[in-house]
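Worksheet: the structure to be examined is printed underneath.
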Amino acid sequence: GYAKLDTHRKIRSGFAEVIFCSGKADEHLRQIVGKLYEEEGEVFGTRASKEQYEMLKKTYPELEYDEISGIIKIEKKGKKQEGKIAVCTAGTADISVAEEAAQTAEYFGSRVERIYDVGVSGLHRLLARLDAIQSANCVIAIAGMEGALASVIGGLVDKPVIAVPTSVGYGANMHGLSALLTMINSCANGIAVVNIDNGYGAGYMATQINRLGVRHE
Amino acid sequence: GYAKLDTHRKIRSGFAEVIFCSGKADEHLRQIVGKLYEEEGEVFGTRASKEQYEMLKKTYPELEYDEISGIIKIEKKGKKQEGKIAVCTAGTADISVAEEAAQTAEYFGSRVERIYDVGVSGLHRLLARLDAIQSANCVIAIAGMEGALASVIGGLVDKPVIAVPTSVGYGANMHGLSALLTMINSCANGIAVVNIDNGYGAGYMATQINRLGVRHE
Amino acid sequence: GYAKLDTHRKIRSGFAEVIFCSGKADEHLRQIVGKLYEEEGEVFGTRASKEQYEMLKKTYPELEYDEISGIIKIEKKGKKQEGKIAVCTAGTADISVAEEAAQTAEYFGSRVERIYDVGVSGLHRLLARLDAIQSANCVIAIAGMEGALASVIGGLVDKPVIAVPTSVGYGANMHGLSALLTMINSCANGIAVVNIDNGYGAGYMATQINRLGVRHE
Amino acid sequence: GYAKLDTHRKIRSGFAEVIFCSGKADEHLRQIVGKLYEEEGEVFGTRASKEQYEMLKKTYPELEYDEISGIIKIEKKGKKQEGKIAVCTAGTADISVAEEAAQTAEYFGSRVERIYDVGVSGLHRLLARLDAIQSANCVIAIAGMEGALASVIGGLVDKPVIAVPTSVGYGANMHGLSALLTMINSCANGIAVVNIDNGYGAGYMATQINRLGVRHE
Amino acid sequence: GYAKLDTHRKIRSGFAEVIFCSGKADEHLRQIVGKLYEEEGEVFGTRASKEQYEMLKKTYPELEYDEISGIIKIEKKGKKQEGKIAVCTAGTADISVAEEAAQTAEYFGSRVERIYDVGVSGLHRLLARLDAIQSANCVIAIAGMEGALASVIGGLVDKPVIAVPTSVGYGANMHGLSALLTMINSCANGIAVVNIDNGYGAGYMATQINRLGVRHE
Amino acid sequence: GYAKLDTHRKIRSGFAEVIFCSGKADEHLRQIVGKLYEEEGEVFGTRASKEQYEMLKKTYPELEYDEISGIIKIEKKGKKQEGKIAVCTAGTADISVAEEAAQTAEYFGSRVERIYDVGVSGLHRLLARLDAIQSANCVIAIAGMEGALASVIGGLVDKPVIAVPTSVGYGANMHGLSALLTMINSCANGIAVVNIDNGYGAGYMATQINRLGVRHE
Amino acid sequence: GYAKLDTHRKIRSGFAEVIFCSGKADEHLRQIVGKLYEEEGEVFGTRASKEQYEMLKKTYPELEYDEISGIIKIEKKGKKQEGKIAVCTAGTADISVAEEAAQTAEYFGSRVERIYDVGVSGLHRLLARLDAIQSANCVIAIAGMEGALASVIGGLVDKPVIAVPTSVGYGANMHGLSALLTMINSCANGIAVVNIDNGYGAGYMATQINRLGVRHE
Amino acid sequence: GYAKLDTHRKIRSGFAEVIFCSGKADEHLRQIVGKLYEEEGEVFGTRASKEQYEMLKKTYPELEYDEISGIIKIEKKGKKQEGKIAVCTAGTADISVAEEAAQTAEYFGSRVERIYDVGVSGLHRLLARLDAIQSANCVIAIAGMEGALASVIGGLVDKPVIAVPTSVGYGANMHGLSALLTMINSCANGIAVVNIDNGYGAGYMATQINRLGVRHE
């Protein structure tokens, strides 16, 4: 087939390949799932539609699907989750992106604490959860609309913050570009930004950071 | 001359004309100052350069100049300042815009409280001044870079917030467009936005709002 | 559940929470409606689809739906509407946004006068309604395409104008960004701008302003 | 030399070539002026700096310079100006562009009426001059900031309107792009737009239109 | 009803109102068609869908529909078409916009010559029709993609050119913005631009210009 | 004075305040330097001009200045540098940003290895330094123009990569926005992005990550 | 009919006309296919939908369709393919564009080598195919997301590289604009760029270049 | 020093390194010139200022400088120039970019024919030079403002066209982005685009193409 599975990746990076399901043809997707499952004994895919899940389910009845995040997976039992990543969202509409981040991080062995709907328009909600946020090795701040959450969190923690702009909002949010610009221009220190709605990328990098923190805990 | 002074404006709007000095030729500027002074007995101009001030000073020795905001004025004595507008900035670099807003509002009869350098990267500074902010009839929130201050204030007060994006910052701030987008997309309620660095416009509209609040105090 | 209803909001801001229905899952939406109704004795939601309305109607037969604005509500009887907000539109296509603004303001206790289809391409229509506009505590100016209405109204009234750009138009209107830029750059005084199509935000802030005007009437 | 003077142009288009002086090397500019003068017995250049004028003046002492518009010219005596073009501006800062338009049209034989500083923030100024505007064969509407003037004039006349956005303004005016978008999206009929600050292009096309109107007057 | 039909328009501008059908509700559209038909004895609408046509056809069996341009009309018999407007397109995909322009101009009494598919990638096609183009009072140049047609025509005629960018193309054409920018920046003289796909606006203004040319023919 | 020094910051974040010198008035800058020096016994500022340095030097003769990065500092002797951050640049023009990053990280106690001028147009230069890059706890990838360096490094290491777009380049680089977009859209995993030219922000966050790696080494 | 088939094109350019099927009406498309087939004895179309193919198939049963690229064709037997063009993609999602490029080049007589899924996030995949790439007369580099592939290949070959940005990606990829900017700003030499997803244009120009290389092989 | 001279480049690519002088420090520039001169026996730099030239001249009295293009060079005598590249410009203001392209191509051994000031606003100038353009192996089309020249040439030749947008123009040309978009969206075949003002890149790639054509002439 055309696609070249990157089987050296795990050795090179310490992470198995993850399947980006969106837009893949059925036949193509089944082959990739099969090959990865065989080699790794587990498999993890993002942005899967319900149709893709049901198609794959016929061949792999053990496959699980999370409708909110669009994640499919077959996961080994008894994997350990170490360290701590705090995944925060501004609103409830950001939760699909947050779950992509959280479950990616968990799949790669991080312990995750979810702190959702704590946007800056009601600051007391965020302040009430500050301890949970400050005790993480890395914080993921997820927000659409004006994306101010990242700056506020950045000013409250001493650990790196990965900011994820989301496409939540309308009008001049320009499908997430507005939140992206907010986060890139943040006046707070220790913030770096990934692509709009890229929960996967945030979960991946947060795991890299979290691993540094847990290595000798 | 070409320029048509809008002498009916005060009757129509309750506000005397203010001179936008930037880019005006010397001869032109002197004429306008002269005519307004004659009609109103006072005069107020924004965005004046030091050169313009010194040129005008020769004809009007009573003229005052504020270097930070670029405001020139000759003001009647004993004018009353009523109600209350809170003018807040995220950083010290936003103060020139803030002073344009504050002095405009004061010229038009509003009482102003200045609350500067309370940006969201150090939230305790803002929370320490909350009483002062919450007791105003209208709040002006001024910030550059990512402009998150407006959202945070919007969530903490029950009065209208006028947000002023500033051109403070660099790179992807795109000369203030980033802060403007942040503020327009704010998830907090009761926020409306004026042009980048438009302290004058904010001070003017805040006065309109403040007047409603003081009318029968 | 994930969503944190902001039950302190009314005390903090004087406004009950309003539900942004667009994109919410059925189950989620029903819970929020239920909880708010219970606490407030009334409920108000924006951007509801007909499907959402019909789903909710089964549980709450007293729910009303306005197809033009997409507003759902159960409202207490006999609420007073005070002061005056003028809601103006440039064309008939802007009316859905105008109704979101007007009904939000009415729900929060403002008296609203509707002045629709008075765009600047036929100025006599606007001038014929000038008295109605000038007697309001606050004017909401709603326009798509080039959005010039806000500037013209701004020059004719002495009260604050909240400008709402709409996505009405085509081509270089860029889904409302063109009207937004027009309004932000307005040469008239006393204008501030909210997000594209954000009737809710304009109605909310206009109510804050109107309340200042009526407090001691 | 490199530059190819387009000597067939006058036959092809009915207009002699006009020199765009900005950025031309001194030697280059002197040659072009010389060659055109020789062939036409007159010469007309736009966007000339004072330095360029003084350099050329040495060779052509009959050369005239208009500092406001940056136009240089040696014009034949006794040329007739026919028909009528109305050149309108929103503010005084737009006058340099307006003079480029007006003097271009006059050079090519159009009669011009100047109607300056009649922007929409004070509508009475425009309405006071309506007769003068409505009696022209073509109207040039020049405005920066939000550029609403073109729409308002477009709704008041039955002749074509050429809209010229200017770079006047600051912040989100984006050096004139905002006014350009306003004018391109105008809800009024009979408006077409030229480049930002392109007074020359407007004066040229207005003359083409005016000539159609005067041909058999 | 909400919509204010602009019945003074014909007197003010010499043009009857034209209906922009897109997005209008059925009931609303039928009323406007009825009212205009009654007053004018004819009716003309742009951007009508087939569904709208069929709905209206039931009440007005004499209504005609042109599928390519989306124009609906009932037109008086024996109207005269005078002068000449040349309507040129770069490709066949631009024809829907061209027909909106041509039929608008014809409805308002202009004679139109159609010169389609003469884009600059095969220059001989354009040069073969040069006489037809040069004999018009006004030329409408319609092109998508890079929109170079307007510049080439502008260099070949001595009459005003109205340039219409279209949304034809893909990728970096940005839905027509690329062609719009090309045309606004044209190096040729005598070109002005209307909104993307705005055939109506071009046909309207071309008629205004053509009328000047025919007035005393 | 207006500026509020954030003296609780070190406790909250583990980092002393750093001075952003650009645009600060002399008097203001001297005060802040003085106050921080007093409290911390050392001081560190970015984006200082030579003039600012010379002004401060008079009061603080022990102040050092690095012309390439614009950093001023007075640093305590014998500070330890631990762990490892690799700072990579695509070209030599990116070195000023790289030094801002590297010296910030060193000031906060990180060991830095500089790997400059290893852009992707000559891949062998990068591959020759791979060991040095792969042994770091965190990599900073700095590039202007098309910014491809971040993606290539991201595919070669298993540690987090902080990408810094620079304004190096011309034309369609749009002052660094092009490189920013490249980096945000990277197909490689484990990359997050800071503002254009923001070496400071990258050095700060890299230190946070590096500290996690060294804590128990 | 309206469309003017450019029958002189083959003589002028050495290439027969290719049909851009997208958006063409059925009747129109059938006529063009018929006319070209008659004149050339073969026919080639891009961006055909399955529906268009099936419609045409009824009249031309010998027509072939490639679902991945959307290409329809009837090709003469025994055509020679000479020289060599290397067509490279970053990911599997770019293959539809790559096939449009490859099959266009093959139709016009070029020999093509396909090198797919060799994006920069796993550099070893690209390096493994270097010989194949370096032996081509021209390389086509196709990539979405951040588009870094073109720069890396540009640094490794001594032949011209045609870069094709694709719309593959999400969020800040802005439908391919991000990859386009990356490629236009490439720091490597010998790269030029065509429109987003324009496989056809790349295949055409690569053939022009390849023909120069094979002319006297 | 920091800069790594790419001494393997000539072997890898067949082209010696060229120095991009703009922004390089004097000391740095002198070293690079020295090292390249030593290794190659000749040296070639672009975007040099007069100051840089005079500084270098002291050490290398044989250095030549072309003020129009900003090129510095010491070139071996008797180098052969083969094949043919046509370098075309729309206006005289584009000549500085054209000379960067032409002299780069000549330095690398191509024969160049210059065809300047043949923009589309006066098509006869271009048509008069058609033979010269059609006989080249590769055409470089250079234009600012609306950049239509590339499309027109693309339709007239059967060889590859490299389009160079220039920053010439004002207003909505957005410093060359408008011309870039025009060229990328060209409706003509066989056109690819390099960065704004990138004469060097065009001359380099044209040479690669020309070499293919001359290899066996």
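First chain written, first letter: the chains are A, B, C, D, E, F, G and H, and each begins at residue 1.
FYI, a residue touches a chain if its C-beta (ideal position, glycine included) is under 8 Å from a C-beta of that chain, and two chains touch if they have at least 3 such contacts.
Note that the coordinates shown come from a computational prediction; the quantities given were computed from them, not determined experimentally.
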item: If a chain touches subunit E and subunit F alike, it appears here; value: G, H
item: Matching chain pair for A-G (criterion: over half of the contact pairs shared, by residue number), options E-H, A-F or A-C; value: A-C
item: Approximate Å spacing (C-alpha centroids) for the pair subunit E, subunit G; value: 36
item: Whole-Å separation of chain centres (CA-atom averages), subunit F against subunit G; value: 43
item: Interface hub residues of subunit F, defined as touching at least two other chains; value: 122, 156, 171-174, 177, 180, 184-185, 189, 195
item: Pairwise chain contacts, counting only pairs that touch as defined; value: A-B, A-C, A-F, A-G, B-C, B-D, B-F, C-D, C-E, D-E, D-H, E-G, E-H, F-G, F-H, G-H
item: Subunit A residues within the subunit C interface of the complex; value: 92-93, 95, 116-118, 122, 124-125, 168, 170-174
item: Of subunit D, residues touching subunit C in the complex; value: 90-91, 119-123, 145-148, 151-152, 154-156, 169, 171-174, 177-179, 181-189
item: Touching residues on subunit B, where the partner in the complex is subunit C; value: 12-15, 137, 156-160, 162-163, 180, 184-185, 189-195, 201-202, 204-205, 208-209, 212-213, 215-217
item: Residues of subunit E defined as touching subunit C within the complex; value: 2-4, 6, 8-9, 22-24, 28, 165, 167, 175-177, 180, 195-198
